[in-house]
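First chain A sits with chain B, and in the next complex the same chain sits with chain C.
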Partner chain A sequence: MTTALLVLTLASTLAVGAWLGAWFDRLAPLLYGGRAAGPLAPLRAGAAALLRPRIETEAPDRMNARLAPGWYLALAAAGLSVVPFAPGAALIETPVGIVVWGSCEALTIVAVFLHGWSPNAPFPLIGAYRYAAIGLPVMLPSMFVLIAAALPAESLSFTAIVESQREVWNIVRQPLGLPLFLIVGLTLTLRGPMDFADAADIAGGTSAEDSGPGRALWQGARLAMLVSFSAVAATTFLGGPLGPALPGPVWLWIKTAAIMALTVAVGHGVARTTPSRMLTILWVVLLPLSFVHLLVSGVLAL
Partner chain B sequence: MIDALVILLVLFAAWTGWRVFRVDSMIRATFSLMLSFISVGAIGVLLSAPYIGVATVFMMAVEMMVMGIFMVMFMMNPAGLNPMMMVHQHKLSIVAGVLAALGLGAAVLTTTLPTDPVPGETDVVSDLGHELLGPSMLIFETAGVTLLATMIGAVVLSSRRGRYGQADEGSRPPGLDPGGPPAGRQPEGEGGHHHHHHHHGGH
Partner chain C sequence: MSWLARLAAGAPAPVYPVIGEGAQPRVERLFASAALERAQSPRAAALLLVSGNIPEAHREALDRVHDQVPRPRLGLHWEGDDGIEERLLDAWRTLCAGATGDADRLPDEPPNPWEGEGDFGQGGEGMMGGVPYGRPMAMTGEDVRDGLELDRYTARVGPFAPMLPPGLVLEVTLQGDVIVACDVLSPPYPQPEDADDPALCAARMLRLLGLPGPADRLIRGGAAHAIGARRAIPRGLGRLENAGDARMRFADALRGRNGGAADGIFDTLIGLEWSEAALALASVTPSALRQAALEVA
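Presenting the complex of A and B:
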């Protein structure tokens, strides 16, 4: 019974969250004086994409071309399944929650790579290799940030991480964590400064050859991953379902929506640099910074 | 139930492992191998080793992505979509494969494996942590430092930038035919002005 309810909650969180994320994307132009669109615009765009015919490239890897959006969506769902909607109520209650989420992150790079590799076309392939080169070093700050959050909880489970934040949220005692984790989120959702897969400078990258239902599903999976990442960030740094008066899931939804809005705003507001320069920034600045973050968090947690 | 799942995962791991040698591209081989390892990780989770199982999935996803890129780089198969033969040195590999299978099989059959199930309330993750940073610390740290040194060494050796200048300074690619003009892009810097003399129809 509880399991059925949690499955339903997870599915509806992903669906409603994906719509909200798509609307945030259409509100974002207001940040730089552009025109915003209404809440129905993403639904119209999705329906239009579904009705368009699919295009076939020459000699593609059909299996991976069809499956890649499905993998991406499944990874978003698997990542959300270890997040507790109320204290102690995750769909999959595991002692190694942050490792499960880490696996979803790493497999996301594989799914995006296969999405770009499978059409057998130049722009998607460039996007795939660029993304793999940037995505792999992003995994390292992600691991350090998550391990740092596990230190005060003395556990790898998200439920214990939520419990450890009853007194004070992790965003207060680990201030570097959320900014570093936001970079991971931008990478996982192919957004703004970290969008080296599907960017406009390579004509849409891994989705350059997408059309029809496949394109709709890929964009939907991107938004679902935004929801999952934001829920994980809200759980790790903002106390997840903890909060006064309102029930746990409502607090988690509010915090998730706030992180989603922040991620969308940063994605629209920060420029993207070249892959080589970003690679230097990742290895030379962000990796040592996440070491420092882990060290400080470890000393504070003692 | 768990037995049936383990058997299914073993079969899937063996089948995807076999596919590694039957597919015709480096990328397909790489990710077949990844699926094989992920099944092994899932077996670990089912056998009450959640950390080792899930960490296997995480590590293999990252490692296979790196391996795929490196294989495409070194195998001169730019997209990884060109059909190619995945096996070579047939006789040697058959002998090595049979010997390895016999050796590992003998090792498994002659070892007395524990049969008692893990009690439900055991905190296996915390036990593993205490083991790794307690009695097994020396092995664990030795392996960790060796891997780190290997990674740094590989990065240093493959880096284009170095303290004595660019690694490929003055290097010439080999000719397409023996003694012929260098293939592909001409080295920059030295002899740049007679660039067009070297130009040939090999593109």
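Presenting the complex of A and C:
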């Protein structure tokens, strides 16, 4: 019974969260004096994509073209499955939740690469290779940040990490963690300054040849990954389901929505530099910075 | 009409613009102010908006872009008259209601015959190179950075590629993401003086930097509030004599100043990544870029 309830909660969190993320994207023009769209706009856009036909390029990798959006969505769901909706109530209660989430992050690179590989077209392939080049060094700061959050909890379990924040949230004792993890989230969800897979200079990159239900599913999976990333960030840095008065799941949803809004705002307002410069920034600045963050967090946790 | 079609009809019309001679500023302003979705590729569109004169030499390219828009599709011509937004929305609603739209303009077959040479009938050597069906395949060549033998891929981009100025056709040879050879096959179309408007020039660069919101705001007459836009452009990119680099030209455009001549801009592309090259080309005014292209084409 509890498992069925958690499955339902996970599915509805992903679905409602994806709609909310899509709406946030359509509210973002307000930041720039533009017109915002109403809450029905994401549903209309989804219907428009579903109504269009699927186009097949010449000699595509059909199997991976169909599987890539499914993998992306499955990874978002798998990542969310280890996040506790209430203290001790994750769908998959594992002592190695961080490792499971880290695996989902790494496999996202594979899913995005396959999405760019499968149409057998130049711009999608360039987007795929760019993403692989950028995604790999992003995984290292991610692991350092998550391990740093695990140190006060003395466990790799998200449930233990939540418990370790009863007195003080990790965002207070590890202030660098969330900004660094936000870069990971922008990469996983192909957004703004980290969207090297689907950039404008390659006509939408891995999505350049997408149309119809395939495009709708890919965009839906991107939004689902935004929900999962935000839930993991809310759990790791904002105490997850901990909070006064309201039930645990409600607190997690509120915090997840806040991280989603932040990720969307950063995605719409921060410039994307060129891939080679970003690689330099990742290896020369962010990687050492995340290591220092881990070192300081470790010393403080002693 | 099904409930799905009714829902879809309320979505912004997905439009891929094909910009011809003299139409660049009006098309850019249309998409900055209207409730339309500018599709990043023809595959993402349902409507094809053709604006301005398309030279005879590029009619086949136009037909190819037309056929890349998934069916059902509709093509519309626009010469600057009022009411284009309503026409596009009407066309979108018509498609959602089940209209069959435009037929293909070109036969669904390769543009060139099969070249039956090489071990696998593709031309070239072994399993690489050649131009099967007129499509150039990657072939190993010396890497410009370290001398290793890496795949070189040659392709023509333009005249209606969204990241390049309208009309510009480049034949580029890429090693990975790096341009190792670049020829100008066709210069950008002539555009009115208005296309050199600093706000439009800066907005083109903002779009390439992943900032369509600030770009639209700039075109509407507001300020481009974005974090790190200037610093995201590599220092020294597309440096020209007497015209500074792309970062400087972008900063000048934000201050309302136009750049100067773009002589030699195409020479600076060799060794750049594709994204850097697109930024460098967008950093000069359309009139200056056309002049530079005419000199090398």
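Note that in this section the second predicted complex is superposed on the first by the 302 of 302 C-alpha atoms of A that agree within 3 Å, B and C clash if a C-alpha of one lies under 4 Å from a C-alpha of the other, contacts with A are read in each partner's own complex, and residues count from 1 in each chain.
In this section, a contact is a pair of C-beta atoms (placed from the backbone, for glycine too) under 8 Å apart; a residue touches a chain by one contact, two chains touch by 3 or more.
Predicted model, so just to flag it, every value in this text is computed and none were measured.
In the superposed pair of complexes, A:129 makes contact with chain B and with chain C alike. In the overlay built on the shared chain, the residue A:173 is in contact with neither chain B nor chain C. In the superposed pair of complexes, A:114 makes contact with chain B only, with no contact to chain C.
Residue contacts after overlaying the shared chain place A:51 against chain C, while chain B stays out of touching range.
The larger set of touched chain A residues comes from C, when the choice is between chain B and chain C. Of the two partner chains placed by the overlay, only chain C lies in contact with A:193; chain B stays clear of it. Contacts of A:255 after superposition on the shared chain: neither chain B nor chain C is touched.
In the overlay built on the shared chain, the residue A:275 is in contact with chain C alone; chain B does not reach it.
Overlap of the chain B and chain C interfaces on chain A: residues 129.
In the complex of the two chains, the chain B residues touching chain A come out as 27-28, 31, 34, 50-51, 54-55, 57-58, 61-62, 64-66, 68-69, 79-81, 123-125.
Only residues 59, 61, 94-96, 99-100, 102-103, 106-107, 109-110, 113-114, 117, 120, 125, 129, 132-133, 135-136, 139, 156 of chain A touch chain B when the two sit together in their complex.
Those residues of chain A that touch chain C in the complex are listed here as 28-29, 31-35, 40-41, 43-45, 47-48, 50-55, 122-123, 126, 129-130, 192-193, 195, 199-204, 207-212, 215, 268-277. Residues of chain C touching chain A in their complex: 4-5, 7-8, 10-12, 14, 35, 40-41, 43-44, 46, 70-71, 96, 153, 155, 161-163, 174, 176-177, 206-214, 216-217, 220, 222, 225-229, 231-234, 273-276, 278-279.
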